[in-house]
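Okay, so subunit A shows up in both of these, paired with subunit B first and subunit C after.
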Partner chain A sequence: MLGIKNIASYLPQKKVSNYDKKEKFELDDDFIENKIGVKFHCVKEDDEKASDLCVKAFENLVKKTNIDKGTIDCCIVVTQNPDFNIPHTSAIVHGKLELSQECACFDISLGCSGYIYGLSNILSFMKSNGLKNGLLFTSDPYSEIIDHDDKNTDLIFGDGASVTYISENPLYVPKDFSFGTNGKAYKEILCDDKLYMNGRAVFNFTATTIPKHIQKLLVKNNLEDSDIDKYILHQGSKYIVDTIRKRLKVDESKVPFDMYEYGNTISSAVPIILEKELNSNHKRLLLSAYGIGLSWGSTILEKN
Partner chain B sequence: MLGIKNIASYLPQKKVSNYDKKEKFELDDDFIENKIGVKFHCVKEDDEKASDLCVKAFENLVKKTNIDKGTIDCCIVVTQNPDFNIPHTSAIVHGKLELSQECACFDISLGCSGYIYGLSNILSFMKSNGLKNGLLFTSDPYSEIIDHDDKNTDLIFGDGASVTYISENPLYVPKDFSFGTNGKAYKEILCDDKLYMNGRAVFNFTATTIPKHIQKLLVKNNLEDSDIDKYILHQGSKYIVDTIRKRLKVDESKVPFDMYEYGNTISSAVPIILEKELNSNHKRLLLSAYGIGLSWGSTILEKN
Partner chain C sequence: MKATVENIKEIIAEAEVLGDANEMKNDIALSEQGIDSLDVVNVYLLIEEKFDVQIPDEDLAQVTTIDAIVEYVNNKLV
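Moving on, here comes the complex of A and B:
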């Protein structure tokens, strides 16, 4: 049975402090710590590209698990800030990691919901093609598109990447997925040269759509809150995570909030937390992510 | 059983003639007709984007088959020239077509091999998520990135789009897929502002890798040339299609060459031909596509 065998991530060492921006944006500590929940955000080096962050995440994966690169037969990169639009970044990662020519590679273009879609994608693609060992990367370096005069985005996003190793005898296996889209609202988060985000509209969408969507997935699977050990929610902002948690009436201890030191890493936000929970012996985890598109997706992972 | 229920395509009416470029590029008719095999290439309007071409392909689909838009639960766009990098173009198409909020949407970034990957992707993703009615779009408007002084690219590429309707009781079902990647050669086709292609390197890769790859897929499935009614090959150029056909020792009548009037439409090249063969009662079709990445993929379709 295929599932999540391991996860590694990479966060650039270089950090920018939001406390240094208090004057420019007229912020107080409460806003930084309790509203957005980002004290520092990670920033890659100027000459690093999405594929470089993937390679660094892979180097961290190799430090904690034995991987024979020659056995990798599927490599997917989830990104909306690719090295180039042509070719796909997964081909560049394939070349840098010197993977086998038998390896299927493609990119998935999705933002915040990308890890959930990517997980469903790599598992279903591998299963139906009889593939055995896959790498699912997320890498979306927003520092390339941030407008540093825009308070709505400059304070929130951080660079980061993750890699999920998909193989036999996994730690966790998805039990079910659920997806949704509201494409009519696509302009609420848009990048035409620089990133634009209508924070209020995105918050309203998240606060109304996501709790219901999560509850529906639980009901569909005959599960209750007590069956879920942790809810790993996309780290849009502290206010968003808190709002969803409260509307779900879930105890704070079950909903990790983790982005204080690195920011919102888009499709890497969920796997960066999942990596930390992977060996905690939880029976069941609920993952949910939402944003750009507008797009959302959730899954329930069960311990194998 | 899910499979290909129908296909429609869209080619812009505006055409550019390669005969008008004979002087500029010092061409003769033999080069235009027998080497590249592109007499005219289609060019979209300046204000049209990838999503607009998808919508026009969908309008052509609706003309020939009954589709209840409310039942569409999966929408994928294969493109490397998206409307924007953020959001994914499939969200924009979702909004323009007013699809249901229950619809899963994502883009796949792949070039020439994109239809084969996309077909495997949409079928496996839909099957494992219990989805019933999907739309697989290809839309890669290269007119946005062509360097008009570059003979290697300006003469070849044309704008176009396709949509494949995936549903129950299909006409054709894929029997098997095979994929490959040579990421070390990713720079041979690259777009950093304008498109660059090393035509010689791409030809050499295609001529050596693809015939063996196709033969291997046939052997794996215990099939011979006589079991295949048509080979639908990516229309890279007439010389590439002819070379692969000759190396496979396949009769010319079994290998459609179709791009004279519209050019190389990247991931739309295979489905544009497949649409024409869909109602011809063939028992078995072999589809193969190759290019950017470098990436390749093939599948065998069987009549349902």
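Moving on, here comes the complex of A and C:
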């Protein structure tokens, strides 16, 4: 049975403080800590690309688990800030990691919801094609597209990457997935040179759509809140995570909030937290991610 | 249901803003009474849901105070 065998992540050491932007954006500490929930955000070096962050995440994975690179037969990168328009970043990662030539590589162009889609894609693709060992990367270096005069985006996003090792005898296996899209609202988060985000529209979307979407997935699987040990929600902002949690009527202890020191890392936000929960003795986890598109997806993971 | 100062203040309290909603002035902008940009977005969403009205972005300048919100919502409900 294929599933999540291990996860590693990479966060650049260089950090920018939001406290240094208090005057520029007329902020107070409460807003930084309790509303945005980002004290510092990680920024990659100028000469680093998405693929470099993936390679560093993989180096961290190798430190945690024995992996024979020659056995990797699937490599997927979720990104919307690829190294180049052509070719796909997964091919570049494949080359840098010196993976076998008998390895399928492709990218998935999705933002915040990308990890959930990526997880479903890699498992389906591997099962359909008899593959045994896969790597699912997320890497979306937003520092390349941030407008530093835009309060809506400059305070939130951080660079980071993750890699999820998919193999036999996993720790967790997805029980079910659910996905959604509202393409009519695609302009609410848009990058045409620099990133634009309509904060009000994004908040309204997450507050109204996501709690109902999560509830529906639970009902579909005959599960209740008491059956879920942790809800790992996309770290859009502390305000958004708190709002979804309150609307779901879920206890705060079951919804980790973790991005104070590194920011919203887009498709890496969920796997960065999942990595920390992976070796806890949770029976069942619910992952949910939402944003650009507008797109959303959730999955229920069960301990194998 | 018509909008009143009282039920708008209940909604502001429901949004868990800093301070006591009942102590808020009706004719002073919410932003000048400690409600930050995220809280005010939440307040508008709760109003939209409670009264089943839409407050488009281009109308936000019309709903800066509690009195203005009451008038705006009731005009929408007519």
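Note that in this section the second predicted complex is superposed on the first by the 304 of 304 C-alpha atoms of A that agree within 3 Å, B and C clash if a C-alpha of one lies under 4 Å from a C-alpha of the other, contacts with A are read in each partner's own complex, and residues count from 1 in each chain.
In this text, a residue touches a chain if its C-beta (ideal position, glycine included) is under 8 Å from a C-beta of that chain, and two chains touch if they have at least 3 such contacts.
These figures come from a predicted structure and were not determined experimentally.
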With both complexes superposed on chain A, which partner does A:108 reach: first (subunit B), second (subunit C), both or neither? first
So, does A:57 touch the first partner subunit B, the second partner subunit C, both, or neither? neither
Partner chain in contact with A:239 - subunit B first, subunit C second, else both or neither: second
Looking at A:295 after the superposition, I want to know if it touches subunit B, subunit C, both of them or none. Which is it: first, second, both, neither? first
Specify the partner with more touching residues on subunit A, choosing between subunit B and subunit C. B
Classify the contacts of A:116 with the two partner chains as first (subunit B alone), second (subunit C alone), both, or neither. neither
Is A:161 in contact with subunit B, with subunit C, with both, or with neither (first, second, both, neither)? neither
So, A:31: does it touch subunit B (first), subunit C (second), both, or neither? second
Figure out whether A:218 sits in contact with subunit B (first) or subunit C (second), or with both, or with neither. neither
Okay, in this complex, where on subunit A does subunit C touch? 30-31, 35, 198-200, 203-204, 207-208, 237, 239, 243
Of subunit B, residues touching subunit A in the complex: 75, 80-82, 84-96, 98-99, 101-111, 117, 120-121, 123-125, 127-129, 145, 177, 179-186, 189-192, 195, 292-295, 297
Listed in rising order, the residues of subunit C that touch subunit A in the complex are 18, 36-38, 41-42, 44-45, 49, 57
